[in-house]
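In the two complexes below, chain A is the common chain; its partner is chain B in one and chain C in the other.
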Partner chain A sequence: MAAVTETESVDKKIRMMNSSSEEVAVENPPAINHMPEDDSASAAIPAGNSLSDQVMAAAISETGETGEGEKKNLRLMSSDGKEVVVEAAVAMKSQLIRQMIEADCAGESDVINIPNVTAAVLSLIFRYCEKHLGDGDGDKAIANDLKSFDEDFISVDLDTLYDLLMGSNYLDVKGLLDLACQKVADLIKGKSPDEIRRIFNIEKDFSPEEEEEVNKENKWAFE
Partner chain B sequence: MLRRGGLEIPPAPARCGVSSPGVRRKRIRTSVRGVDLFDELPDDLLLIILSKLTSTAGAPSDLINSLLTCRRFNELGTHPDVLAKASAKAVAVTASGWSESAERFLMRAADAGSTEACFTLGMIRFYCLENRGSGASLMAKAATGYHAEALYSLAVIQFNGSGGSKNEKDLRAGVALCARAANFGHVDALRELGHCLQDGYGVRRSITDGRRFLVQANARELCASLQRLKQGRSRGELGACSLLSDFGCSVPAPEWNPANRFMAEWFEARGGCGEGLRMCSNWGCGRPETRRHEFRRCSVCGSVNYCSRACQALHWKLAHKVECATMDRWLDGGDG
Partner chain C sequence: MLTDSPAITSSSLAAATTTTIEDLHPDVVTRTLRLLDGPTLAAACSATSQLRSLSTQSDLWLKLCLSTWPSLQHPRFLPLISASPRYFFSDAFRFPAFHANNALPVSEEAAALPGTLISAVDIYHRGVLIFSRFVETETSSSWFRGSPFLIDATDQMAEPLLPGVIISPGELMLSWILFDPAQGRAVNVSSRRAVAVERHWYTGETVVRFAGAAVSEGKVICAVVTCSEMTGQVQEVVLTAEDIDDVCVSGEEGLQVVRTVMEAGRNKWRGKAAEEEEAKERYLEYLRGKRRRKESRARREGAMDLCCTAIGVAVFLGFLALVVFR
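And now, the complex of A and B:
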């Protein structure tokens, strides 16, 4: 029972953080009883990248025994010991999770271990994934909307940015990784070496001779 | 796999869930953890970050400043994967800053596969350093990488027989190169091609086809300047260049390519391009003659000359229309 209460408190926490998305936290995680056919069915779904995530989700929920139109959820165990429940379609944006599911590494009722990412960062990443579920549809109006969402999303403090970077790299969420990398690049751009060092806490490890050499070699860029 | 230095610190509160309109975070907070964030970042991620830096750089200093930060940045910042993505502005060396180390940098970027660096270094070597062979082959390398400006520049060289004698002009090659550049929507190439077709210069004469290309060139140019104006307005700036306002012109100048700007500055600093040689009167072009009487003159006044018809057309619109007067007129009208 302790596990259930912990899950509920995590749900509440996730709901607090993600004020806009309801689907990420589920009210009552259903007791998922899956027949063996489900595993083979989901394994039989071709892993080609041409299938959109929504089709995948539809296919999974069709074959699922949970039937009442409820979407299939995945349970993930974060590095800080908290369980994160997320819709399968959203989680599939992470290529790592997708491959795990397709290769049938995780049984349906099992919890997937994510030992490198905390629950808070996981829920952030999935918030991004959810917003970008329809990516690749090429609708321009949506693209502009997403652009402003992305800008807001990535305007976080440095530590969170770092966590997002590492998390999206581990989970292999390409869009978010690109976004985070571009943000870091934008932070570096236009600043002097001292400012860059100060912001990112980088130690200057040049010896005086090396520093002089490097400065001389690159003097041309400042004329 | 990745430890956080053994520190158990609760994650920073997520700010992205709360977006208050109109409040944009301007101040960048330093890391709360006090640890070098890049320390635990694997090399391949840092390479991605630096590649994005070079591809969106507005000036070489954007990348160079990061090189001066620490050894790791210095090493990874000059990695071929990073240099290959350099934007045109990232390799925009200025004439005043030109040195052996600048050339080394461009060479490294060119070797890494950056078409912008190949083109820029090619132009500099061909025209400024008068190393025709190396310059042309670098430009050709950029051209095979579908660099429209490089294709057009090679076309100009072919039309004029630059770097060689009058007999080395190859009009057909020039037209072919122009056509390839025009495929990518290059405005000057479209214009040049239009004129060649109308005159039957290096290609079979077809006035209607020529007209079509000229119209297309004008349309694209208008489109581009409208876009620039639109972007300019949104930032609260105007697109006009101060140089032109000296001449009282209201036509916004196109944004000059860094390589052309380099050449113009280079020859201006040296007071010209050599004995009896002239520069293209379209200031932003920067091309010098490589032998006497290489360029064509304005047939009305004869006081200006151009490397190509595209430069002639542009300069007419920007400045010459106002100044051009027949030789008779200014020989007779001595009263002012």
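And now, the complex of A and C:
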């Protein structure tokens, strides 16, 4: 799992960087209670994450907070005033948050403001991110499992679907955005304009001349 | 969903209580529209004015045209349709209209026959694109108009289309779009699905016909794919014209059929299966008509033969009688 590898490599780096402060190096390994001390595993550092690893490691060593626990958590403030705590690795699936971390906009203990998304939607989005952390593993069984998860995940009511669309667009979570757009497209495939209006609960707002023009251009497609 | 109940309103204070598709960012809506097929996009265009303005972005329709007919990606073709890809799509996507009495209304101005015909051919085998060709044919020359109507899409084909895969002729889907750059009209003359598959044991070939979409005055434009049974590959892809009386159709007559079909209306889209069924029905009706005419012609000739024989016999008997009873 990518989360495991990242954190391991982070800790290895801490040991390397703080080689003078023995107590720091000693404290960290025991805190990794369910991750084995495995050289080979940590050697496989995902290429794209090395910058963020270094930044995270720098953040940890600078502030000197070593007892944070094995996984770095991020705190996000949603639009409705609730704080959402999430693992850094999961949150980094959002390109917006990743860029904020990499640009060092948010310090270790700062709270990241997400002014457009509510806490409920945030936790939904992060549930998707967590499930898709290992994307690209290539295992067929995992891919099928993810596919059925996606199908269940996106079978929500229209309001939630809109929230997911807006949230994933704001946070730039490409996989979820594509999934949600595909769901909306599937909802209206093969439907007539009346049915589309009914599904989305929107009103026809053409003037009589516009309506005539629109009908002339598009009547070929539906009954 | 739109709701006025206070309980729901108060529970989601911070977020918008009633989001509609119009609250979504236009980029998100465009992203969704990009995933739609032609008829659904046209329906979305007719829903509201916001959807209309987003759906009529021409690059949406251009992408749709190019993904439906990959042969249009030719640099010669792109400028021709980029002016109005939506119009082109609605022209080329639908099947030509068919009139029961087999006489399509011809415009009064009697526009000149097309001087150039551009063909965009795409063949799919089991859903996979195997052949995509863009052919420009000069049709104003007397050589073309005097010879039998024929457009060949396999001129410089040297390699097999799908090496290693045996083509199953019944599972081919063909689209042949004829475009007249002067008039700016297009028509898809193929029935998409094969209407007839004939095995010719003597040449070792299988001939697959895609016809029935373009029928006019007893002539039908037919796309013909010839597969070799030995190699299992496609050998030839041509566009021909057939006549109900099996008379050869000249280039000029073929062009007239093309022009008539291009200018006649298009069928309202009733779904892929329904349209393909109808095209097949039309071709079978044409074949039935062909057979009927052949039989009636044979009967007529038989009657004629009988008459002549009877007259001949009568003359002979009369002569005999004359000689015997002189």
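In the analysis below, the second predicted complex is superposed on the first by the 152 of 223 C-alpha atoms of A that agree within 3 Å, B and C clash if a C-alpha of one lies under 4 Å from a C-alpha of the other, contacts with A are read in each partner's own complex, and residues count from 1 in each chain.
FYI, contacts are C-beta pairs under 8 Å (C-beta built on N, C-alpha and C of every residue); 3 or more make two chains touch, one makes a residue touch a chain.
Note that the structure is a prediction, hence the values are computed from the model and not measured.
On the superposed chain A, the positions of chain B and chain C overlap enough to count as a clash.
Of the two partner chains, chain B and chain C are each touched by A:204. Chain A has more of its residues touched by B than by the other of chain B and chain C.
By the touch criterion defined above, A:113 lies against neither chain B nor chain C after alignment on the C-alpha atoms of chain A. Of the two partner chains, neither chain B nor chain C is touched by A:144. When the shared chain is aligned, chain C comes close enough to touch A:79, but chain B does not. With both structures placed on the common chain, the touch criterion links A:193 to chain B and to chain C. When the two structures are aligned on the shared chain, A:99 is found in touch with neither chain B nor chain C. Looking at the shared chain after the overlay, A:184 reaches both chain B and chain C.
Residues common to the contacts of chain A with chain B and with chain C across the two structures: 118, 121, 157-159, 162-163, 165-166, 169, 177, 181-182, 184-185, 188-193, 196-197, 200-206, 210, 214-215, 217-223. Of all residues in chain A, those touching chain C in their complex are 78-81, 118, 121, 157-159, 162-163, 165-166, 169, 177, 181-182, 184-185, 188-193, 196-197, 200-206, 210, 214-215, 217-223. Interface residues of chain C, counted against chain A in their complex, comprise 1-2, 12-15, 18-25, 27-28, 31-33, 35-40, 42-49, 51-52, 86, 90, 94, 266, 268-270. Every residue of chain A that touches chain B in the complex is listed here, in rising order: 17-20, 115-116, 118, 120-121, 124, 127, 152-160, 162-163, 165-166, 169, 177-178, 181-182, 184-193, 196-206, 210, 214-223. Across the complex, chain A is touched by residues 1-2, 11-12, 14-19, 24-25, 28-38, 40-42, 45, 48-50, 52-53, 56-71, 73-74, 93-94, 96-99, 101-102, 104-105 of chain B.
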